[in-house]
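Presented sequentially are two complexes of chain A, the first with chain B as partner and the second with chain C.
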Partner chain A sequence: MTEPTHVLVARRLSRDYGRRRALDAVSLEIPAGRIVALLGPNGAGKSTFLKLCAGMIEPTDGGASIFGISAREAPNSAPWRVACLLDSHEPPEWADGRRLVAMQAEASPRFDRAFADAFCFGGGIDPRQPYGSLSRGQRRRLLAGVVLASGADLILLDEPADGLDTAARRDLYDRLRRRVNDSGSTAIVATHNIHDIERVADDVAILARGRLVLHGSLEELREEVREIEAPLGAALKPDSPIEILARRRERDAELLWARSTGGERAIAAAFDAAPAISPVGLEDLYLALTQTSFEEFESAQEVQS
Partner chain B sequence: MKLRLFLWLMRRLRPITTVAAAVACGWTLLVPGPLYESREWPLLFILAHSIAITSALGRFMTPQFAWLHGRGYSRAALWSHTMAAAGAGALAVWIPAALIVATPARSFVHDRLFTSPYYPIMQPRDAIEIWQWLWTYLALLPLMAYGWIRESQPTRGMMGGWLLVIAAIIAGFSMLNITRPGEFPRELVNGAYGLAALICLIAGRRLYRALEVRR
Partner chain C sequence: MRIRLDHHSGEPIWRQIVEQVKYGVASAALEPGAQLPSIRALAAELGINPRTVVKAYEELDHMGLVVMRQGQGVFVADRRPDVTASARRRLIADLGRRLLAEGARLGADADEVIKIVSEVADEMERQHD
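For the complex of A and B:
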């Protein structure tokens, strides 16, 4: 059987917790060999998305498949192909590093022992030291190292660098990049630390209030997305080939974040009054997308449709 | 056999096993009179011990449970090793207690130290009773595992699962308490318990595939 080209395919993936919808109709496809930065404010649905991808919870609506099989079936038929480190997952305090590494090695047929020993115990962590006595940064390094060493095809990480110092964070992300390059595996990294992940990620997916508000390759977004300051009252010409991602009304102008494959010229031509157009960084775009109120987001969707 | 996983699960049972083994051995050695005269205490103890084992292994809302389920073990491996650990936890308590009865230890203590008139002639009668203890463990653990596995399903059915387990325990224990080993009603109760445990074991294994790790 041939491997599907996309490691992960989500179709209208949704999950409710009681009456609250944590994830709302998220659809996306992730090809193999990519690092995807999963961004979003607290409560945006990042962890829920990762749990659904790992097959840990049942979607309320829609579904996800990994390697061509239902994500819910993966823990039964291909468990070792997915390794995850979620923020709320912790081993017991009595477990020491040696034991954690040995357990992952037992579960993962492609476990890289040399990598685990070098990374997990390279930061001054004694292999016999109980997990409960490690600092937050050491704990994170140990658990992230175990997951990276697993040799899994899909790596799901939730704030893997939380508590790590600058050098250790950089080291972790560099090693993640190398592992993905070397093995062709795919990683989805949920984080609030945009600067670190931007350095190594290929793609970005931004969630806000459970919805996927942006997904694409970072390279394309850098080329295609612009911040536009348009005079109040400036109208978008009908059938303009630009996608309005977010908009915010200021006192004397309207700020828009738009995407167009035609570059700045196409964006300028889409307005009936000349707007100021400037490139936008990932962090600014993230803030624009996630701080836009729900109503504004809805209206932006209406404008582009 | 995933030895690391098994030892990991057994490690979680260590405090419970230590306390339970001490209590079981102490009681078995020292309780006066034939064991069948105080049969309600072993039943209550086995019930409490089974609840403790189930609680330690099946606390599915904890970060530790979630961590274990993110390692890459298949659900079938996790289920089978959990059940094996539960059984081993029960055996680690039952075997020393059974040995106290099966060897002359209990008989010797009651005959020589307490000068009980029942011993040593009651030793074979006591030896029958210990098999009922083992059977009770083997019946209770799958029943209780089924309770928590069902509770952790996406479509919860929590009350249905636990009500079934509680009803089976109350009915079975009431019958066991008023009957004697080898007599007709007790064998019927044991047979029904065994059948219920087998059904729960099969159903629990199937349901474990769809278990939700909500943490």
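For the complex of A and C:
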């Protein structure tokens, strides 16, 4: 059997909780050897997406496959190939670090013991200390270390650096980078800390209100996306090869975020008046995209009511 | 030579690497024939995807500033006067473009920017005397 080129394929992946649609028709493909930043405001569907990928919950519509296997089946047919640290995951209070490491080692044929010992029991964590007596940051470090040491091909992390201090966060992401570079594994990291993840991520997927509003390689976005400040009333020339990702009206100007494979030159040429164009970092792009869809949502609600 | 990356500027990482190596070659911090770190080593050092390093090295190879020798590594190209002169011109032209763009943002046209640059040059010369 040939290995599929994509580690994860989601097709119109959707999930309802009661009458609320938490994830709405998300389709994306994630190739091997990438670190994907999964971003979105609270309630955007990040954790739901990760749980669906981990096979912990059933999709309402659509589906996800991991290594060509249905995500729901993967935990049975290839349990050691996926490792996850989800927000709901809490081991028993009495279990100490040594036992948690040993449990994962037993489940994972490719477990990296030296890595686990070095990372999990750095930062002043005693291997014999019960989980319940550890600080928030220490708990996160221990659990993230166990997942990184597992040798899994797909690593799913939900706020892995939550509660960690600056040095420990940097260390965690550096080690994640090294694992991905050395073993060709793939990681999806859901987080609110855009500044930290922008340093390490290869790709970004942004969710807003359950929908995927942007997915792409960060290097491509850095080439292709620009922030534009145009005079009010400035018009786009028709048939311009640029995509408007978001726009916001300010008092004296219009701000736009546009994407073009032709880069800055194509974007400048698309306007009838000369706009001010600048590169845009991930945080600003994220805010532009998520706030726009929030406003769209609000106005859609008004229309409905 | 140490490469420093700004992950938050919106500037592609591969291009930041190209710019800094280019600067290193033009300023002679990188001697002709000097070996650059391997793709894997530089990716590990900078904490980035190896494909980003490949893209930067390929671009530098394409520009004639480095030579990628299969199985041996990546080396700074032997300096030929024309390569150095054109690389230096490109480098300064890039800086000039950026300066003019920033000037335009502040409402200054090219003539005003050039005038200020020559005044700054005069000031610096006087300080050296």
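What we mean here is this: the second predicted complex is superposed on the first by the 292 of 305 C-alpha atoms of A that agree within 3 Å, B and C clash if a C-alpha of one lies under 4 Å from a C-alpha of the other, contacts with A are read in each partner's own complex, and residues count from 1 in each chain.
Simple rule for what comes next: a residue touches a chain if its C-beta (ideal position, glycine included) is under 8 Å from a C-beta of that chain, and two chains touch if they have at least 3 such contacts.
Just so you know, these numbers come straight off a predicted model, no measurement behind them.
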**OP:** Record, for the superposition on chain A, whether partners chain B and chain C clash or fit.
**Re:** fit
**OP:** Give one of first, second, both or neither to describe whether A:Leu245 is in contact with chain B, with chain C, with both, or with none.
**Re:** neither
**OP:** In the overlay, answer first, second, both or neither for which of chain B and chain C A:Glu58 touches.
**Re:** first
Original post:
Draw lines from the C-alpha centre of chain A to the C-alpha centres of chain B and chain C: what angle do they form, to the nearest 10°?
Top reply: 150
Subject >> Dominant contact partner of chain A by residue count, chain C or chain B >> reply: B
**OP:** May I ask you to decide whether A:His89 touches chain B, chain C, both, or neither, giving the answer as first, second, both or neither?
**Re:** first
Original post:
After lining up the shared chain so the two structures overlap, which partner does A:Asn181 touch, if you call chain B first and chain C second: first, second, both or neither?
Top reply: second
**OP:** Quick one: classify A:Glu223 as touching chain B (first), chain C (second), both or neither.
**Re:** second
**OP:** Kindly classify A:Val213 by the partners it touches after superposition: chain B alone (first), chain C alone (second), both, or neither?
**Re:** neither
Original post:
After lining up the shared chain so the two structures overlap, which partner does A:Leu282 touch, if you call chain B first and chain C second: first, second, both or neither?
Top reply: second
Original post:
After lining up the shared chain so the two structures overlap, which partner does A:Gln104 touch, if you call chain B first and chain C second: first, second, both or neither?
Top reply: first
**OP:** Just the number, please: smallest Cα separation between chain B and chain C in the overlaid arrangement, in Å.
**Re:** 27
Subject >> Complex contacts: residues of chain A adjacent to chain B >> reply: 51, 54, 56-58, 72, 75-77, 79-86, 88-92, 94-95, 99, 102-104, 106-108, 150, 152
Subject >> Interface residues, chain B side, partner chain A - complex >> reply: 2-5, 8, 11-12, 63-64, 66-76, 154, 209-210, 212-215
**OP:** Sort out for me which residues of chain A touch chain C in the complex.
**Re:** 33-35, 173-174, 177-178, 180-181, 195, 198-200, 202, 219, 222-223, 225, 276, 278-283
**OP:** Enumerate the contact residues on chain C facing chain A in the complex.
**Re:** 7-14, 40, 43-44, 47-50, 52, 55, 105
